[in-house]
Amino acid sequence: MTTTTTAPTPTPAPPAAVKAQQHWLERVVRARELGLALLIVALVAGTSAVNRPFLFSSDGWRSLLTLPTILIVVAVGQAAVIITRNIDLSVGSTMGLCTYFAGNLFHQVSGIPTVVVVILSIALGAAIGLVNGLLVALLKVPSLVITLGMLYAIRGVDVLWVGGNFIRPEWLPDSFQKLSTAELFGIPYLFILTVPVVLVVSWYLRNRRGGREFYALGSDPDAAVLYGLDTRKITVKAFVLSGALAGLAGTMYLAIYVSGDSQVGTNLEFETVAAAVVGGIAITGGSGAVWVAALGAFLLGTINSALPVLGIPSLWQQAFVGAFILGAIALDRALFVTRARRARALRSHA
Amino acid sequence: MTSTATAAVVPPSTGVRYQNHAAPLWRRLLFRSETILLAALVVVILVSSAFVPNFAEPFTYSSMLLNIAPILLLVLPVTLIVVTGEIDLSVGSVLGLSSAVFGLATQAGLPVGVGATLGVLAGTAVGLLNGVLVTVVGLPSIAVTIGTLSLFRGVAVGMLGTTSITTFSPSLTDAANALVGSSPIPVAVVGIGILAVLFGYLLHFTPFGRGLYAIGLSPEMASFSGVRSNRSKCVLFVMSGFVAGLAGIYYTLQYDNAIGSNGYGMELQVVTGIILGGVSFWGGRGTLVGALIGSVLIGVLAKALQLGGIGSDGTNVVTGVVLILSVGIGSLARIRTRRRRPKTSEAA
Amino acid sequence: MSTEDSVTHATAGPAVRTEPAASPSATSLLELRSVTKRFGAVSALSDGNLRLERHSIHAVVGENGAGKSTLVKIIGGLHTRDSGDFLLDGEPVDFRTTADAKAAGIAVIYQEPTLFPDLSVAENIFIGRQPYTRFGQIDRAKMNRDTRELTARLGVPLDPQRQALSLSIADQQIVEIAKSVSLDAQVIVMDEPTAALSGLEVDRLMGIARHLRDEGKGVIFISHRFDEVFSLCDTITVMRDGAYVSTNAVADVDVDEIIRQMVGRNVDQLFPKIETEVGDVVLQVEGLSSLGLFSDVSFDVRAGEIVCLAGLVGAGRSEIARAVFGVDPYDSGTVRVGGVELHAHNSAEAMRAGIGFVPEDRRRQGLAMTAGVASNITLAIRERLAEAGFLSTRVENRAAQDWAARLQVKTHSLDTQATMLSGGNQQKVVLAKWLATEPKLLIIDEPTRGIDVGTKSEVHRLISELAGRGLAVLMISSELPEVLGMADRILVVREGRLTAELSRDEATAENVMLAATQAPAPKEPDA
Amino acid sequence: STSSSSSGSTKGGSDHNYKVAFVPKSLGNKYFQASDAGGKDAVEGFGGSYQEVGPTATGANAQVPFIQTLTQQKVGAIVTAANDPQAACSALKQAQQQKIKVVTFDSDTNCRDVFVNQVSSEGIAKTLVDLMGEAIGGTGEIGVIDGGPNATNQNEWLALMKKDLAAKYPNIKLVDVVYGNDDDQDSLNAAKGLVQAHPNLKGIISPDSVGIKNAALYLSQSQYKGKIALTGLGLPSELRQYVKDGTITKFALWDPTNLGYLAAYAAKALIDGDITGKEGDTFTAGKLGKYTVGKDGVIILGDPTVFDKSNIDKYNF
């Protein structure tokens, strides 16, 4: 199919006096990531000012970068799903099941290479995502209902399967246990693993036709049908991605916590949604960038570990986290509104 | 107001009469999700009575109703919120907060009535906070209430610390669990029924309720029709806080315990009931009756499975599958009727 | 009409082509024979016939609800037909999805623009076929360049990076057209593409259509504006009540004949403007400004008067009207109705003061598309209908019954969803909704968009008579004849400012256009 | 799994209802899985029928519906670790009215026949304080990682530990109590926060198995390994490697399997009428031997086992 235009010029085209100043203006308006990045810097700087080891110690630096990776990876998948105007509430249960699955693989198949376990775990997650996606796409029902059902169902299967068991550290090979502490040029391995995941998904969603279709679908599902987009395929793709990332996160959980029972990943669904929304993903679909959602997840993940270090009484921490989420989205909103107003003013005086 | 200028000018027309409804009453009733749910509920009860040992006992009903009473209470305002296309995920935490305030007030020696009022007021106040954040600040309610879910729970836990307050007067705690006469129906459920009638009236039989549906169907259209979206939503969030505050008092007395974790995870149960009841998460569609039946159905299923010896793990699986089936069956039927290929008159 | 009859009729009828190049024996580019389509109990199309040749622009006309859009949707693969034949290049085809139709070389501009609001203009045009760079990623620079070129050729240079969300409905239509033009399809279907456009853009669009025809493509053009149809098209197919009526060469028929075939009677096309006594000032707007949209707008509307806001698409007329009605905020200025000042952001107050508002975008602003006809009609009068705080469906249905009948809404029943109505009937429902509020001042933004001739003159008569009874009307229209025919006074808007005020006698097509287009003093575009 | 397949055995007369149901705090908790396994062993051993039901979450009243169900099913005894001392009381009282015996273990409630305590609370507090005192030489700052703010038993131990510290180790200063909420992520963050917020911290006590495991994980990976002493109550199977790599020198626990086993036999003794909960009643608990009911109807399993490098390989719970 040709992409060049074959439009005729029946009348000489008027000089393309397109408002060029809107380019940078609109870009500034959309620069929500700026506020988020500033918040992260402020949080990390503030916390390490109070307690130097939070950042300036080998474990401080490492855990700062490592602990939020689970949330980041799952939130990236969640963000992709939300962009298509769906939601995946089953991510927590999926991750939990995959954690036990991976741990059990190490246990049952002695000498199984880590890569194989990771791949199989991702495959299990993707398979669950496929079920989600197919149910949503074929039955044409709200994903909230399907994935809420799957949240229960998978957790139930998990509890039935795991039963009285739990993952014991000795099941896991030493090399795998070292994963969470290994570093390359001073950067933790798991973080190095996470960055490309975020970048690849971001790149795909931003720069490939298939990725842009996620946005199109989320922006207006009816228009997507009229336009002839294969909405079923897009939906399934998004859920498979989310499931696969939850599967990956399951193995990351195993690497970081060297344990796992049937309750791994409880409540993760709302945390990932919060991360995505804090990261500027519109809950109504169609807009936002997943790497900003990753920033949002990093922020939420960091705040959980910063609060105890800041000496906030343990009992009040949850309240602080809640207040912080509210603050972050309110600030983002305030910045957006003022920027939009400024842009409007500029346009009228241009 | 019948014979003003406008009415007079527009032609009384060709006398066209429109049918009020495209389908006859029985069809409209039969294919409602509420009817199907009700049928499912009856079937579950009949089957369980026949096959599940100990199910057909008054105690089954009374304990089941008492267990889900707080959920039913929360379902009332949240259904209205969902109809407008918003959501309140913080209700469980508001319940906990109200419980904490009530407990602390009682512990401090205040009369029960004052403590309860304080608890409900606290719930109403935080409901207002939700409402303001959603309407005035303009934040998406799902994000706001995920945040306040954490915030209110955190405040409840922080206030109570490691204590839990269990010094409520037995007459009150007994009243919270009391049954109507010798029937298996708890007194509290009668109260909830009355409240449900009020909420049902508000949603289905008032201009305000029509406005709520309009907001859910198309916010822009609603604002073009003089519906004060923000004000309506704010009112709903305040109501939600108020009712969750009430639920907090009731829950505290029901279990004789004010503890930081009261109501933990209830938001999911509330949402599950509402969705099973056929209320659209995108707003504009669904009934209060449906939401209530949905919640009761889940409660009955759980009870039947427990009595049948299936643990909560199995119950989770069943709940999930029922949820998926509830939407799946309807849409499968829809798809089947659409799958007809065109007939071609000439050979292709 | 039996199947054989219609087939013969369609093929053997006076299917005249203006292009002598194509021989009559060659297969047509696209052919529909006895196509039917039912939606439940509703038969939308009982006998659809159409034969589109290469090198031609083929008009399809008919009343609202005649089945034109349904025909289009079958061609576009959105609906599957229940029976009948669908041939493309003589080969039978069966489209399951819109993608199939697109792949077969059919581009459709649907009646209602359906863009992706969050995506940019460029992406809306190129989604699914964006150009790639060598590195396998979308070449945004090229895409934007192409878009700029494309929209400039359509006469409305749009910023390719602008979100579709922020486009006026006319600009959205431009994007739709650009999209289908760029598809390089063999068949281009345009379902009322001009309904939201004004003169200049319509001319450009017709130029594009002619060019496409000259390239050998087939264009299907649907419109309720006969001047366009007659100046642009070669062939006209008339439909009535879901069935094919006739196909004629444009040269062989005249407007009256076509209208007779459409409605089965003679329709007076003239706007029956009634001269009325002008009363007291109803609406008084002073110094109304909104940053970036309009500034210092002052005018008033009196009882019995029809005031038109004229201007180019995008001049800011709708924004002014919306600010007056209170759905949008504004920065300064006052709005008074009957001497009482209204506040921004409170349309309920405006309604109480007696303003009604028929918005321009019926799908988003006028209707709840998935709600029934009755609930749509009664939404704005819900408070009045309530008896002692109790509002019942019965009362609503009674009121809706009345108003739907008065406007002759063509619907199966009162609980039929608005989505299932034809475009023109949707517009009638919106009108009914607002007339039911019995306003003192009615603001109408594009009152007859998508309405057929018969109904259009009905609507005009209605508005005119309402004004005659003392209703103040503020009307926005992009159709110049409508403006000139209806208005007592014309206010011309250009770039958010009132540039001229013309009385009925002063106004001519020329001076309105002049006031609307006169370029402001050239200004250096600073970055 | 409620099959009453096992025919009544002869021990206490066949008319005794040996249906024993375990209701743990939540399903899927490692510790309770171990104790319930012991219970199963015991119940099947004395020819009763065993059943385990429970919630998946640990809400204060999450156990109530299960207790109600068991009441309707007329089991012989309910053996439960209560999520909350009060919330389940009305349900438990209803059960008792139906002649169902109520045994609690691990965490007590205000309404039961007997409570099977792992160790006397004083014993646990003393053990932990002594382990810590030994590990840091009797002076320095320490912190506590507790399970959750409403873990009754842990709150009680904490109060006793504070008393013991003041009495025996005046130079040890308890600087902070943090909560891990029985969750890996929260516990790890709590451990990290505790260590980083208190630069002079010398030791951590965690009377919570999830807490100690994650504290060990954190310390073993940080520069504090070997510098900050860690002790508490944990599962040997989870802590084995941390004992071996030196993160933990000694920690304590009783055998949860035995706890469940004893609780099951206590239930049997109640059903048989051998005991009523009165102080001084005695009964025999299978392989564990003879036990006496103490004050307030409390039965104590025995001293905790202290684990270190030398013995940890011998345990697999």
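Order of writing sets the chain letters: A, B, C and D. Residues in each chain are counted from 1.
The rule we apply is simple: a contact is a pair of C-beta atoms (placed from the backbone, for glycine too) under 8 Å apart; a residue touches a chain by one contact, two chains touch by 3 or more.
Only a predicted model underlies this, so the values are computations on that prediction, with no experimental measurement involved.
By count of C-beta pairs in contact, A-C exceeds the other of the chain pairs A-C and A-D. If each chain is reduced to the centroid of its CA atoms, subunit B and subunit C end up 41 Å from each other.
We define each chain's centre as the mean of its Cα atoms; on that basis subunit A and subunit D are separated by 38 Å.
A separation of 30 Å divides the Cα centre of subunit A from that of subunit B. Shared contact sites, meaning residues of subunit D that touch two or more other chains, fall at 27, 56-57, 149.
Each of residues 157, 161-162, 312-313, 316 in subunit B touches at least two other chains.
The multi-chain contact residues of subunit A, meaning those touching 2 or more other chains, are 155, 159, 282, 315.
Working note: touching chain pairs come out as A-B, A-C, A-D, B-C, B-D.
Those residues of subunit D lying in contact with subunit A across their complex are 26-30, 33-34, 36-37, 56-57, 149, 176-179, 183-186, 188-190, 192-194, 196-197, 199, 213-214, 217-218, 221-224, 237-238, 240-241.
The residues of subunit D lying in touch with subunit B in their complex are 1-2, 27, 51-61, 64-66, 68-69, 71-73, 84-87, 89-90, 110, 149-150, 155. Taken together, the subunit C residues at the contact with subunit B in this complex read 3, 33-34, 40-41, 80-85, 92, 94, 325, 327, 346-348, 350-351, 357, 359, 364-371, 373-375, 378-380, 382-386, 389-392, 397, 401, 403-408, 411-416, 433, 435, 438-439, 462, 465-466, 468-471. Against subunit C, the residues of subunit A that register as touching in their complex are 1-11, 13-14, 16-23, 26, 203, 206-209, 212-213, 215-216, 218-220, 222-230, 282, 285-287, 341, 344-345, 347-348, 350.
Listing the residues of subunit B that touch subunit D in their complex gives 53-54, 57, 59-60, 63-64, 67, 157, 160-162, 164, 166, 173, 177, 255-257, 259-262, 264-265, 302-303, 306-307, 309, 311-313, 316.
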